[in-house]
Every structure is written in structure tokens, then in C-alpha cells.
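Following this line, the structures themselves.
What follows is chain A paired twice: with chain B in the first complex and chain C in the second.
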Partner chain A sequence: MSWGLDGVSVERGAVTVLGAVTLEVTKGEIVAVVGGDGAGKSTLLAALAGLIRPSSGTIRRPERSRIGFLPASSGVYPDLTVSENLRFAASVYGLPERIAADRIRTLLERTGLAGAADRLGGRLSGGMRQKLGVARAMLHQPDLLILDEPTTGVDPVSRSDLWWLLTREVARGCAVVLSTTYLDEADRAGHVVVLRSGRVLTEGTPAAITAAVPGTLRTVAFRPAAPFAWRRGRTWRAWSADGGPDGDRVEPDLQDAVVLATLRAEGRP
Partner chain B sequence: MIVKEFRQMRRDRRTLAMMVVLPMLLLVVFGYAASFDVTAIPTRVVGDRAAAVAEQLPPPFEVRAVAPAEGRPEAVRSLRDGVVPVVIVAGASGVTVLLDGAELFTANAARAALARTDGTARIEVLFNPDLRTSAVMVPGLAGMILLFVGTVITSLGVVRERQSGTLEQLAVMPLRPRDVFFGKITPYFLVAAVDLTVVVAAGTLLFGVPFHGSLLVLALGALLFLFVTLGTGVLISSVSQNQGQAIQLAMMTLLPQVLLSGLIFPLRSMPVGVRWIGYLLPLTYFTQISRGVMLRGAPITALWQPFLYLTLLGVAVVTFATLRFRAFLSPQGTRRSPAVAAGAEP
Partner chain C sequence: MTELLARCAAVSHRYGTHTVLDVVNLEVPTGEVVGLLGANGAGKTTLIRILLGLLAPSSGSVSLLGAAPSRRARSRIGYVPQSLGLYEDLTAAENLDFTAAAFGGRTASLPAALAVPPGVLAGRLPLGLQRRLAFATAFAHSPRLYVLDEPTSGVDPLARTRLWDVIRDVADNGAGVLVTTHSMEEAEECDRLVMLAAGRVVADGTVAGIVGHSQVVTVTGDDWPGALSALERAGLRPSLVGRSLRVPGTDLAAARIALSGTGARARLAPATLEERFVELTAS
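After this line comes the complex of A and B, so read on.
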């Protein structure tokens, strides 16, 4: 069974927020949607979740009871405790009492929230809130898990924990679509969709995206004169279509591939 | 800083509207409506000498009916049913003026007017013999509390969902809009019901406010009134982006109701135009019901008009609120309809 979008467009007034986007996610797969601010990531996920009616195109998704959704705001009730948030979700999804209690206990342990079970949602740190939101989205073991920037504001250790949780969901057969601004995370997905201004800039497996980078990429210590250059840590990357400037040649990773695709689409310099 | 404030003010349309509308509203209310002076008192004259007495009645009494065949029992019933606030029983043994004590200002105005006459008429104040303000205010206060809980608290509760981003979550969950709607308003409904019980109990036990009528009739009136106020609260929340906006809008619905419903200033003393605004407000009818039931012991048949108008208002407001709420939780539309419906969930 696969879920996704076929040529979906979303328009707000005269602005095309999503332009004929197609996305496919199958059971046991993670699709990462990446892109800059305003690229259309949240709109894509909201359309897939059924929060936004598209102007055109087809959306394939399971029935609502089989979807798990984490909005960008985490969707945690600030005036309910951590366990009350989860219990409310369990009751809405009709989980039997005993099963709900087992799953809540397990998820609290796996997210490291067991010690904060009685803390109000509004008193959690940003990262803890995100983890609670993800736990709530997973609680009913959905067929399709839609997560809008689940790791934003989450510390590196907790990010790792969340990815471990996602991996377990995928192993269970869940299809996961998530958005992220962290390209090192997107590298862990089976399929990456890069959005820019509501349109798909490039997509494929991380390996396929990096393999498709044309030209030559070099690393240099100072800002080069090359037209396509960007900073990576303490050094610079310089790209040219025909061998290009001096410097050590490097194999592009997903971050390089996405930045280069974006710069080329913008027609820089 | 000043320029920045003006820019922000210009973009905050609702606050700007409130800054313009509120002074206008207060001007209208306090200029035209805020009057305790009753200049016309609808009066019914019964008894053998009704016609003769009716002819001699000075202003502010306005004779609405003359019924020589009727006696004191019918006169009391007219007052109880709220037909008129004053009935004059002109029998062979003398003239008795019966005043409806539930209409405090009218009764006071009638007493003052009668004091200016020859003074042979006997005056009897029914339902609130001592003309105590608390007896009139407590039934109205019950309405105010229901209004506050129903409108302000409900609107805040729903807007809180939107502000915390949990409304999106609810929209994705397997809940029907009506599940969410009734799930949201039921707790407020119950709290308001408890509030009402406490206010009525405290009013009767602590302040000695009489309760002559049927509890069931009052409960039915409160139920209808709550539907209107809760529906208004949900409506306000569906057009408010945050709790500040919700409070602003709620206050703009509360203020006219408190001032123009007859709760404080008698409707009778307002100009016709302003009085008609009062007739569009639900608190006007709940005040009539609560005063009628508690003070006069009016049966439901005598209160059919406020019940009818409350029902009509309730149906209109709740229907509109449900539709707005459904749209609120439905997928947000875009410029064109989708060419193809969603696959697994058309």
C-alpha cells in the first residue's frame, strides 16, 4: 500500500504555494521533505494530512484513524500533563484501557519523558514538547505518520532517540513523511524531496541525489571567486561545471547537492 | 515609536473598530437608553367602575384595557403573566391599585404618580412588596453569569485550541465536527448550570429573593439561553485568531446585553429605536423569564413570547455556530476546487 500526492497544487489567492507536487511513500519507508523557509513543506504535509484542500491533484491517504500527525506547533495541550495528553489521544483513537496504558508507558520510556509524566505540557522544554508530540502521533500505531519538523529545537541526543523511534515505526510497516531543515537527518530517509517555492527541485534517494550532482566540487580555505560557492564549517565549497577553481576535490554530500541545486535554481550569482 | 504604534494600530482592525464602535455604543446607551425615568405605564382597569376610573387616570398611566367584568383574581393574573405592570381594581368598595413589584422602576414611578393624586386609592405591591432591588437584580444576575460563562469563557476555550495549535490536531483526529463542538461546549454548559444553581440558591437563601414559580420552567429558559450564549461564544472563537480578539468581541456582545436588555435600565424608558436593539438580545428574554418565574410565579404559558424568541435566537445562533465550526475544522479551501478528490478519503 502506498500513500502520497499526485500532481497536487495548492493556491492561496494568486500565490501558488504548491505547484503540481507528486510524492510517493510506501509501507516501511521514510520520505523526508526538505527546503528553505516558505518552500511549502508544511503546506505539503497539511495537504497530505487533510488539513488543506488542494486546488488540483489527487491525495492518497488512509482513513483518519490510521494517520498520525505532528503539526509544526507540536499540538501539545499546555494545560494537560504529559500523560494526560497521551491519554486524551488514546481515548480519541479508541484504544482499550490496558493497551493504551502499556503503549503510553513504553513511549514515555523511549522518549525519555517518563520522569516528566506529570508535568504540564506548557512547562516542557521545546524539545520535550516535540518528543511528546511525536509520541502522541505514534500512540495508535498509524499506517501513515506525518511529522512537521519533528526534531526542530530538539537536542542532538533526543534527535537520535526520535530517529530510533521512527526506525521502529518503519520496521512495523508504517509509512513516514516528515519535513526537516536538517539535511544530515534527511540523509537517513529512504527518499528525499527537495522543495523550493512550492515546486520539487530535485528528489530521489540521498545517494541518487548526490550522484546526480554535475561538474566538480572543491573545498577551499578562503572565499573563492567561483560563481557557485558556499561556506561549510570553517572552509568553503566551490563548484564549477567544467573542473573549475583550485582546491581539493570532494565528493558532494546531500547538503552540498541541495545547496547547489538551490543556488542553480536561483540563477546565482 | 509613535509611528510604529500607529502602524500596528492600523493593522489591528478589530481594536481599531472597537475604539470607534465602543464610544458610539456608550454614547447611544448613556445618551438615549440610560434612564430610570418611566414616562408611560401600561395600565389595565377592571371592576364595576373601570370605565369611570380609566377616564380620570392622569399621565403617566396609559390605559391599555378596560374590563368591567373582571375582578381582583383576573387583575392579579394579568400582573403575574406580565400583561401589564399596573392593574387598577375599581370596585364598589373602593379603588385598589395593584403594582407589579418585579418591575421596580415602573412600580416606583406608579407610586410617585399616585402620591400626586387625591390619595384615596389603596396601593398594593405584589411579588416584591418591599420593592427591594436585590429581588429584581438576582434573577437578572443569573442571566449575566450565564452570559459570561457562555460567551466569554467558551470563546476563550475554543480559541485556546487554535492558539496552541491543537485545533489542527483535532482536525486530523477521527472526530466529527459535532463531536468537537459538543465536546467543547458541554463542560461550559455544566459549569454554567452549577453557577446558575448557586446564584439562585444564594439569592433565595441569603437575600430572601422569592421563588414563586416552577424550577423546571426556569431550567428550560436557562437551557435555551445557554444554547444562545454558548453558540455566540463558539461563533466568536471561530472568527478570532487569539484570546485578545475573542475577549474584545465577547465584550462587544456583552455590553449591549447588560445595558439594553432591561436588566438595569427599564426597557419601557428607552426610546423605541434603542428598545428594538434590546429585543434582539437574548438576555432581554432570559431576564423576562427569570423575573417572571422567580418573582411572579408566572407559568410557561404566560412566558411563551420570551421562550419563543429565545428558541428562535438559539436555533439561528447554534446553526450558524455549528456551520462555522465545521468550516473551521474542515480542510481549508483554496482558490479552485480539487480536480480529483482525495483517494482513500474522498
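After this line comes the complex of A and C, so read on.
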């Protein structure tokens, strides 16, 4: 089964928040939506979840009870404890008591939150709050899991736990779409959609996106005069549409590909 | 000439019987961007507070700009918290003026990369420009040491490389930079990383030096969900990358035993910085 958006636009007044975006989310796959603040990631995910009505285009999604959604704010109730947050969600989803208790116990253990089960949601660290939000979104074993920046502000150890949890969901046949600002994280997804100002800048498997980079990319030790250049650590990347004489040729990674695509979309460095 | 702008020597800190920092050494010299990494609760915030002189360590010594941390030394530090510390109902220009006044009126002219629309309320700026403004307010009083918390979090990849360009420039011009971050992309921009786990330094070096030749088991096969179950039965927590699994916390032999009969193939691949971090934190 596949879900997604077909030519979806969202307008707010004269502003196009999302412009004719098409996105395919397939069962057993993770799709990563990448972009900075204001790129339209949250709008795209909320539209897919049915929380925003698009101005045009069509949306394919399962019925609401088969969707799991993590909003960017994590949606954790600060005045409920960790286990109360999960029990409340279970009752909203209408899970039978015994199944709910079983799943909550397992999820608490897998997220490493078992020791914090009685702590208030408002007293969790950023990483714990995100893990609780994700656990809550997957509690009813949805067909489509929509996660808005599940790992932002999450430390690498918790991020690794979260990816294991997502992997299990995908293995069970769930379709997962998540947004992230981390390109190294997007690099793990089966399909990446890069948004800029509400439009798709580039998309594909990470390998396809980097393979499609045209021209020549070089790494150079000093700030290049080339118009399409950017810094990476102590060195620079310099791109030219054709070959170039100096420096070492380098294979672009996802970060290079997205930076270059953004520069070319701007039409100037 | 290189000098140490910040130095923690054998710093330990205890709250009651709980040891938050255990004999930690940290040095930030001029011209260097040092990344401080650690899981939540590893002690990063406590270490920064001690470094700035906002908290006295239980033992060990601290120097900031060559002396014990003081209010005077702190005035030569550019600190940008993750919350940015901007006055949202002041304009960008007013934020710059206010901070300049608070720091005694010294103002450096801002490079083009730090330009922000002056008349717009800081709270109305998009996050990328807010980050730029926060960095500009720190930059304007020409600090010798910058302390930056996830300086490019949430901004798009191009804006991120532009901000890092400015950060690298201040280091090239002789400032020291201490960055705390959970982002491996930011960590890879640093000259040197110090990794904290449970209050101890578990690694100190360049990205290449820390990752070294460490490897991680990767598993491929037509039935990766079947391989996942087999690995989980062995107590492992694999994660999906594309159509293959990466399996931290095991070696090739153990992974192959766990996978026997599944038809999946296990091999070794170079570990990422994040995988190395998780490994060092777990051990």
C-alpha cells in the first residue's frame, strides 16, 4: 500500500507555503523530508496527516486511526507522567487494556524510559521527550507513521535508539515519513525529499541525488574565487559546470549535493 | 602564537555523592574550533558552567583567558546559547546596540555574511537569520573565545555552511571556539572533538583520529526484516540504512552466528562518527 501527496499546494494568503509537492510513501520504507526552518516540512507532514486542508492537489492516506503522528512540539502532555501519557494515548486509540499495558511496558523498556515512567512529561530532557512522543505515535501500530523532526535536539545515543524503533516499525510493514534538518540522518532513508521555500529542490535515493550532481567538484585548501564554492571544515569545495584545473576531485556527498542545488536554484552563489 | 584561551585541568565535580565530572581535561587554544560532545547527562553543561566561572568545581583548576575565571574574562567571551538569547521585541539593530552597550560599547564592523535586516523585530526573523543575529551580537564585541551551543541547528544546509564559514573565519583570525552539539555534521566541522560520557572524557582528537579504523557490522539480504529478528534475538539493536542494516555493538563472528540460517550476509564497513560515539559512550 502506498500513501502520499499528488501536486499538493498550501497557500496562506498570498504566501505559497507548499507548492505543487508530490510525495510517495511506500510500505516498508522510510522517507526523509529535509529542509531548513520555513522550508515547508511541517506543513507537508501536517497535510499528509490530514491536519491541514490543501489549497489544491490530492492526498492519499489511511484512515485517521491508522496514522501515528508526532508533531514538532512532541505533543507530550507536561502534566501527565510518562506512563500516563502513553495510557492516555492508548485509551484514545481504543486499545484493549491488556494489549495497551503490554505494549506500554515493551515500549518503555525499548526507549529506555522504564526508569522514568513516573516522571512528569514536563520534566523530561529533550531526548527523553522525543522518545516518549515517538513511542506514543507508534503505540497503536499504525500503517503510516508521520514524525516531525523526531531527532532534533536528541543526543546520538537516543537517536540510535529511535532509529532502531523506526527500523522495527518498517520491518512490520509500516510506512514512515519523517522530517529532519540533519543530512547525515536523511542519508539513511530509502528516499529523500529536499524542500526549499515550499518546493521540492531535489529528491531520490541518497545515492541517486549525489550521482545526479553535474559538473566537477573539487576540494581546495584556500578560499576559491569560483562562484559556486562553500566551506567544509578546514577546506573548501569548488564546483564548476565543466572540468577544472586545480585541486583534487571529490565525490559529492548529500550535503554537497544539497548545498550546490540550493546555490544553483538561487542562480548565484 | 598559540595560547590556551580556556583550560580545565583535572576538573571534577560532585553533587552530594553523585559525580558529574570525573577528572576532566579540556583545552581551547587560539585558532581552533573544539567540539564538545556528550549524551544528555554526560556533564557538558556543568563543564561549561565551571569553565565560565559560574560554578566552582569540587576539585581541579580552571583558567579562562590566562587567569581564574572572572567577570572581566567573561566580558571577552561570546556566548550563544541554543535559545539564542535575543530580545524578540527589539529589532535586529536594537539587539546589536543593546548588547554592544552591555559589553562596554566596543563594536566590530560585521562581515557581509552576518548582515541581518536591521529594522525587523528579532522575533519576526526566520530562524536562520535569528541564528545569524545571535552570532553577530557575540561577534560585535570581538570576543577572544566563543562558546556556541548547536550554532547551526535548524537552518538549511546552505545557510549552515555560510554560518560555519564565519565561525571558521573567527578561528582563523585568532579566536578560539568551543561548540557543544548533538549534530555529527557540526562535529565534523570542528578541528578537534572532546567526547564526554558519564562525566569522563572518552575521546579527545580529530574526527579521523577518533573514528580511526573502527568498523561496524552491516547486513544485507532479501529478507532484512528476518535478519532484524535474528539479530534482536541476540540482544542487538540494528538500524535500517537504505535496504541494509547497521548493527552496532557486535563483531562479525557473533553477527554471523546470530544470522545463521537467515540467508543474510554480514560484512564490516567503516563506522560513522555517530556510531563511534555511541560505541565509546556505551563502553
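Observations on the structure shown:
Going forward, the second predicted complex is superposed on the first by the 268 of 269 C-alpha atoms of A that agree within 3 Å, B and C clash if a C-alpha of one lies under 4 Å from a C-alpha of the other, contacts with A are read in each partner's own complex, and residues count from 1 in each chain.
Criterion: contacts are C-beta pairs under 8 Å (C-beta built on N, C-alpha and C of every residue); 3 or more make two chains touch, one makes a residue touch a chain.
Values in this document were obtained by computation on a predicted structure and should not be read as measured data.
Three-chain overlay on chain A, with chain B and chain C fitting side by side and no clash. Looking at the shared chain after the overlay, A:Tyr93 reaches chain B, while chain C stays out of its contact range. In the superposition on chain A, contact of A:Glu63 is made with chain B only, not with chain C.
In the superposition on chain A, A:Ala49 contacts chain B only, with no contact to chain C.
When chain B and chain C are set side by side, the one touching more residues of chain A is C. Using the contact criterion defined above for the overlaid structures, shared-chain residue A:Asp155 touches chain C, although it does not reach chain B. For the combined arrangement built by superposing the two complexes, chain A sits at the apex of an angle of 100 degrees to chain B and chain C, based on C-alpha centres and given in steps of 10. Superposition on the common chain A brings chain B within a closest Cα-Cα distance of 5 Å of chain C. On chain A, the patch touched by chain B and the patch touched by chain C do not overlap at any residue. Residue ranges of chain C in contact with chain A, taken from their complex: 37-42, 82, 126-128, 150, 153-162, 164-165, 168, 182-185, 188-191, 224-225, 228-229, 237-243, 245, 248, 272, 274-275, 277-278, 281-282.
Only residues 30, 34-39, 125-128, 152-161, 163-164, 166-168, 170-172, 181-184, 187-190, 196, 205-207, 230-234, 255, 258-259, 262-263 of chain A touch chain C when the two sit together in their complex. By the touch criterion stated above, chain A contacts chain B in their complex at residues 3, 6, 10-13, 46, 49-65, 67, 69, 71-78, 89, 92-93. For chain B in complex with chain A, the touching residues are 164-166, 168-169, 171-175, 330-345.
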